[in-house]
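Heads up, the next two complexes both have subunit A, just with different partners, subunit B and then subunit C.
This part shows the complex of A and B:
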């Protein structure tokens, strides 16, 4: 009997490790209760029945979260194909400026970028800031601007809801040189203007001074309201730090796995957020 | 990996050993930033203990306030920082935590400033973990004060404007008090998805981990989950 329980325990542990490798070491409120028991139960090596029970509970929790992931994928499919209309219509007044961060390797797949912008245009987003660290998107600027510079009516080839019509989009292309480097250059401008000449009054720099200096360098766009990150890492990859004080940041996964439904959901969720802007 | 090999304290934290299972010692972040709401503030002591166990070097903390009265805000901060520092010194660890405070000290009352200096002085020799508390700190404000610090150096001829680059700029930010000024992992616990003007410069390549808010609050289990998720991600710091 003891030998059989050991076999069952080993199988459950192996399956647990498999789930843990994909879904982390545990989520949600259930873990908070379970981990308090863990130290007591698992320390008692002789009490195999309790250990088995503990791991069974662990397994059930992990299966629940696996099911949640599957449901999320199904939801995205249903929204994308128009079966679910919960996230329509969108109040795009709150998304005046959308930022998109793309991993530079993924940005080289220009067809994927064009499809993403196609979807955003159909949703009605008008101003987009495109960022990748190495400036790959900057090199594709002419192609993208030319494609989206004129208004188009519904695209029959697209699976997008025909109620949406594409809108003319304005782009800003940004790379790492527009981030920390730009701030350092702006600081140099201020030093040259106020601190090299011994006669002029030395001001105490304010945010307005640095903002004006950045404008002199060509940084004139407003802060993005919402920032989508496409790439393997949940990191904004050096997007100009000065401009994302209160920007909502959403990681969307790899660019090749983008989903129209998830974009709608993310924008809809943002439009429902109450922002305190630091207060 | 044997969870006990992760810990610097072989005896203690037995209750946490099961939590550490699955984490990799060589992939641990050096600097973790926590955005804590008021409800989760009480968990800071446990999280600090976990950081010591897992050899995380820096834990920077940004606490939200719900009150708009500035004096009440400072008093609550006074209680919080004194409480954190006191709790840290009561922890049964061989190497205790070093507390540093960043933010605009010019607007903090003298009584609170004295407490801050006392805590910083008392804990400065501790080696295992540095806790950076942010009081009246903003990311843009930090960049501006770095500008002013460099401007003074330019005025005194210590540096030329053209010599100012990213590295020189970084050394003037308030996080210069730390050996690891740039966060590797940022965890926000209140269900929001922004960085709220905190360490804007420093978090260029930080992994962003946003926790959905629930009735049970942020706790040490969720902190371990965040570390686990961090270790599973591919980080290239902008490179290939």
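This part shows the complex of A and C:
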């Protein structure tokens, strides 16, 4: 009996592996699933039925997500080719600054990033903040500059990455070091300003103090209005915390499955959102 | 009498079946990773009241009932820390009568909670109120401090209630506290070392860990899932610093409509993304 259940579990895990590898979860997941198999099959006998059922539940969830993905692909096709015109014309005035978070592994596919930026440029987005945790996009900025060949550097002597201006789009490149580390640097700036001399009054720091300290460090760009996340999970992966207080965050799926029609839909949905800002 | 008794029996039976099915499902789900910490933004109470044409304030009362159910399901499935966004510093901009109404509900519920301390301590729930408590009305603040003190020894599960909280207040405050700590340290070092009157050693450096130590939320690990009800996709100044590797989930249900299925779906989504998020945490 135990042998048969183990066989069934292996088949389910193998099928899960097939589904995951087909849908852009990356090679790392196959290793994790193999560890899963080892761990679970060697587990206690009386839990094996529950483990089996858990895998069945997740298989069903995966099939639901696959079906959703197919529907989204159809929707995007209809929107892109003009069969559905609900999302046109777009009121781009509301999207003054678009942030894009890309998973660092996916960001290494520069051709995909370039295609995404081309689409955004065609839609008419003017300012884009590109974030990836490890700074892969920062390293690829020469390639991106070459592609958008009318770009010219400005603020070359600034301490953080310069903003590229182009007739169509402005870019800002951000990574994890511009997140919590930048706040720590700002904290040191404030410490040196107010605590060096033991006699000066020490104010209770406010949001304005932090913003000014960050401006001194070169963080001058506004908060993004809308943040697209391209990656396996809906997680902002360390985008600078104080810049996404009221930012709408949309998960767009893996970068290689990006869809033009869904970008239009997400921007359109954002332009309809009404924010109370707490009041 | 006969009818009442049989409906009572049937009601209890169905309730028992419901509970058993729920426990069974949670047991299956525990075969995979269960999040340690879930945070909730309780959005949609006012929209709920409008939708069902209830009197103003009834949405908040319904929201409290939803909170109790959601907490029950989270603790049953094995979540150790639950954080809820009860009241933002931005919410003080609402109409004064609405702010007062929410303060009154909070006071009433905390007092009610204090009456059930025996049961709370039996379940081992520790309650923490997170935020600028000085901004709260005096009776609410006193009741909150009493509740925190009364449950301080519990360690089984934690309930963190964010009141008068925003990340844009938390982060500068943490900087201030870190500066205070470092200046005290530097002065002590100076007194032991060189004789520089009143001038602090410039080599003191504040690091990210120093800031995290002084955050309001530094007492618990970062959340694994951040749930915002009513389908809105923004964080509204909640746990911005702590959500670096956190799964964001926005069910369409308004807060008073939140319950069992949203908790289950949120945990299933977390389990799907678990390996990816763990990999990201290790890379940090």
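Following the convention adopted for this analysis, the second predicted complex is superposed on the first by the 185 of 279 C-alpha atoms of A that agree within 3 Å, B and C clash if a C-alpha of one lies under 4 Å from a C-alpha of the other, contacts with A are read in each partner's own complex, and residues count from 1 in each chain.
To be clear about the criterion, a residue touches a chain if its C-beta (ideal position, glycine included) is under 8 Å from a C-beta of that chain, and two chains touch if they have at least 3 such contacts.
Worth saying up front: this structure is predicted, and the values here are computed from it rather than measured.
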item: First (subunit B), second (subunit C), both or neither touched by A:50; value: second
item: Touched partner set for A:242, first subunit B, second subunit C, both or neither; value: both
item: Contacts of A:206 with subunit B and subunit C, given as first, second, both or neither; value: both
item: Which superposed partner A:218 touches (first subunit B, second subunit C, both, neither); value: neither
item: Partner chain in contact with A:180 - subunit B first, subunit C second, else both or neither; value: both
item: First (subunit B), second (subunit C), both or neither touched by A:192; value: both
item: Which superposed partner A:250 touches (first subunit B, second subunit C, both, neither); value: both
item: Residues of subunit A that lie at the interface with subunit B and also at the interface with subunit C; value: 25-26, 28-29, 32, 133, 176, 179-181, 183-184, 187-188, 190-192, 194-196, 202, 204-207, 210, 232-238, 241-242, 244-251, 273, 275, 278-279
item: Touch list for subunit B against partner subunit A, complex; value: 14-19, 21-23, 68, 138-141, 143-144, 146-148, 150-151, 154-155, 161-162, 164-166, 168-169, 192-197, 200-201, 203-210, 214-216, 219, 221-222, 224-225, 228-229, 232-236, 238, 240
item: Touching residues (chain side subunit A, partner subunit C) in the complex; value: 25-26, 28-29, 32, 40, 47, 50-51, 53-54, 57-58, 61-62, 133-134, 176, 179-181, 183-184, 186-188, 190-192, 194-199, 202, 204-207, 209-210, 232-238, 241-242, 244-251, 273, 275, 277-279
item: Subunit A residues within the subunit B interface of the complex; value: 20, 24-29, 31-32, 35, 38-39, 42-43, 104-105, 133, 176, 179-181, 183-184, 187-188, 190-192, 194-196, 202, 204-207, 210, 232-239, 241-242, 244-251, 273, 275, 278-279
item: Touch list for subunit C against partner subunit A, complex; value: 27-32, 88-91, 93-94, 166-169, 171-173, 175-176, 178-180, 182-183, 186-187, 197-200, 202, 204-208, 210-211, 232-237, 240-241, 243-249, 268, 271-273, 275-277, 279-280, 283-284
